[in-house]
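Presented below are the structures under discussion, each in the form of structure tokens.
Both complexes shown next keep subunit A, but they swap its partner, so subunit B is in the first and subunit C is in the second.
On to the complex of A and B.
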């Protein structure tokens, strides 16, 4: 009798958790949930699960139960702990503080989102008082880790103020009890040994733009000398060399580079990746172009749609996996950040793909005049004449006022995926995020219309690619290594 | 509702059943479209009458309908999800302001 009851119990039917999300990819279903777990189901198993017909004898039952997909087998403490870890950013304030040292630039890049001013236009330089006040403002954030990123225009055009801001921030961190990271984003064309020494001694991490081989890079990134690529490569090599040498007094970080994919990049994925490998760069961020600011006006010439980018992204990832199999160390940054969420169920700090997005509560952009914006993209919209994303000024407004500004609130509310109809039911909700600035620029409202939103198409394409690759054990082994801590 | 707007633009008239699209959704959609079309709304018996004036009135009207649907779905979702959505927003804003949520 007891045996009979046990057998009866083990055949008991169970139903899938109502909050489970799914997406059909090819002939299979991808199941996800808010804790970040995922599982693949064949069509017949998916039908069984959704009809509440899966029994404990089914080979997938144990896996689905552990991952929180079986209603009467939920371990709430475990699932809640995973949700909390994945959304840890909800406990901190802005960690990224972008200081725009100047809007001047010696480049005229085809897609320039910073909509730079001419080299002689010094009225768009940040002065030292504003830089110091901005640093003070950044330290008001309750976030225990602060990153101050110096950007432009070309920040090296305002070297003395940049130098002063670095020194002040280092001094300030000594008493603030916060971890401080400093970063510089520069085209390196104005770099000198003296500047490099100063930056390295102050542990400033260095990031540049590299769009691929010379003819492609120089086509995208036009500069008066015509040698943008040569300058960039020269200094990447220099910083690589300094990193290899290391000294006991300070840490020298590996230089990194950002790729912006224009229409001209689409047929050249191999050459671009090979260029990164040739220069010893181990990470490549295959970033789609956004139709924001200056790029919006040129979208017909340099832009592309989500489907074209998805193809490019898949080809790029395929090629990188091939190189990895040969022992070459090269990772794709977007994939790495998404995989951190998918594989490790943790927040990689990617402000563009989280819920709510990082606008104001994850990052703040400080314009040259002390004006504060929700993010750098919001600042670019301001530079085009629409200050909708301005949240205050370092001299006039307190930190608290900025964090409770209506613009801050509306960005948080509108980028909450639980309030976005298409996102709330999307299988990629646990890994994705929307951008109010993109929505506003492209679709005319902060909320956007997600089913017809090309950014949504881009993220879906990227996540489709990653999940499909993860199904193959060979690819999964490599991809998992990318996020092994 | 007058059948014509005082614009020289081609026009398209839409009649929306309030049982499917509430007036709030229609107004929100009209606001989103205010920069690219002339939109006039008039309440009727159980319906909202919308007159759209735009260079390509048919296409704009179709896009307007998509936006009304988007707004309606958002309103419907808010009724179901407002608690969890509210918790997330409150937590994020309070933490950022330095208060314990």
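On to the complex of A and C.
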């Protein structure tokens, strides 16, 4: 009875829109809020909501109320809990620690962002003392989960130090009481059974680069042996075999691969995805090329604009959905991370798309000589002679000093979306992030000019695609499965 | 720089300068935008950067309208949003074991219940206040109300 009376009374109650963001896509409006909820509205409903004219009788009222779009129906505890979950990273220090074992590389990839040195240039190798000091520094972070990623150049070219760093990190985690994840990013060309055994026994997850079928991969990833694709494929298969034969002593992770999309990849989305499926890889990270490092100099030859990438991304996603409908398990990594935010309202740990970005406060790049950078991209800018993103050195600076360094602060401030006029008004703010390094390299300032920023165009394209796909129940069912824990 | 070939007059009564600036920033991918004061209005001039600047004045007007709506919603919710974010920052999840049982009521029903309780409490208070006059023996009065403090009596 009391409930009936309450309902009767509130039928007259009109909606008032609390803080919300919107974007017109086609003839509909996408509405989002700080907690990460979203809702689609037709033009007339959008006008009704913004004018405060929507009553409880409206078919969308209940949905909008639950999602926090009706001001007099806000569930503060629920929305606060969701906001906190979505921004959980604000409570921790850097979780990702990238150790550059060497700048030497036996590949000369067209787009190399890692700014590699020649194979003989051993002065760019990290020594064991620096590796240990870097591991110690990483454990200073208050983050309860630490990931140490060994990168290069080609990190296997500095195997003995890599091995020593892995052993030291494992030993250190025993006393630090933190969860430790170890990862290696390698082209696998120098992998041996002995090295593979050591890495697997120490639970190092393995990631490589795979740009698609042999002729495309080898065109992008030029190797002195001329067999980059064959080496990569051989070891992907090896690690998959080991993963299938799990042993009780340690966990063997599935190997993963990264795709870098060059201009040559654009017309070949099907072949690339088919290659991943053929190799039994279940995730494909369709990564756009960034005009940073070596790629910047060659941008005219290998680069493309946001619109070209958006088309490629849409075609790729569409093809993956088709394959999923046929029962093939293949997921797109960028979509998975964005969907985790959109569907599960949680942070997937994607440092490139969060507010503030992960520079220094989410990740640190440790150069071979112990110099610390806000991120690997910042380190690459340094390698080109501009040390603007250097935040210290493991031998000279304390963790506190690095975290309060002016460069750390300016990266936090410039990647705070609330302070970016275009981002603060964008419906994709709850899911997106800006990159001060990209802005600096491409637009000449840490803040950049977001309306003309190609990275922004690229993210908008990806998010437009995902939100549009989610509107169709068939696609939504598949996409939701990608992020079902 | 290309010659200025587009301009829009914005009535200062309809739009404040902040809205004009934000709308101008939004179209800064297509054109350089110059905002000039004039009597009762501002004049917004566009110098195209690219061919996409053809419809820049129409885009600007759209952005301006949108910005006015955004600003009104932002102003109406500033305190609420600050409260929400402060609440979220201070929010601590209650472990599952000690979580209070959900009443099963919606926030509105909770509010209605609270109002009802307050109303009943008020009525009880009123009633008890009324009964006071019908309490010739002073049964509902405390010892202190009747006789003052113990110390006071001792002194007497």
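Definition applied: the second predicted complex is superposed on the first by the 470 of 485 C-alpha atoms of A that agree within 3 Å, B and C clash if a C-alpha of one lies under 4 Å from a C-alpha of the other, contacts with A are read in each partner's own complex, and residues count from 1 in each chain.
What we mean here is this: a residue touches a chain if its C-beta (ideal position, glycine included) is under 8 Å from a C-beta of that chain, and two chains touch if they have at least 3 such contacts.
Since the model is a prediction, treat every value here as computed from it, not as a measurement.
By the touch criterion defined above, A:94 lies against subunit B but remains apart from subunit C after alignment on the C-alpha atoms of chain A. When both complexes are overlaid on chain A, the residue A:452 reaches subunit B and subunit C alike. Once the two complexes are laid over each other on the shared chain, residue contacts for A:421 go to subunit B and to subunit C alike.
Contacts of A:408 after superposition: subunit B is touched, whereas subunit C is not reached.
By the touch criterion defined above, A:159 lies against neither subunit B nor subunit C after alignment on the C-alpha atoms of chain A.
Contacts of A:50 after superposition: subunit C is touched, whereas subunit B is not reached. In the superposed pair of complexes, A:76 makes contact with subunit C only, with no contact to subunit B.
Within subunit A, the residues touching subunit B in one complex and subunit C in the other are 421-422, 449, 451-452. Remark: subunit A residues 2-3, 6, 10, 16-20, 34, 50, 71, 73-77, 79-81, 83-84, 87, 421-422, 425, 449, 451-452 touch subunit C in the complex.
Of all residues in subunit A, only 90-94, 140-142, 355-356, 360-361, 399-400, 403-404, 408-409, 412-413, 416, 418-422, 424, 443-445, 447, 449-452 touch subunit B in the complex they form. Listing the residues of subunit B that touch subunit A in their complex gives 31-33, 35-36, 66-67, 70, 73-74, 76-78, 81-82, 84-85, 88-89, 91-93, 95-98, 101.
Remark: subunit C residues 22, 25-29, 49, 67, 69-70, 73-74, 76-77, 80-81, 84-85, 87-89, 91, 93, 107-109, 112, 116 touch subunit A in the complex.
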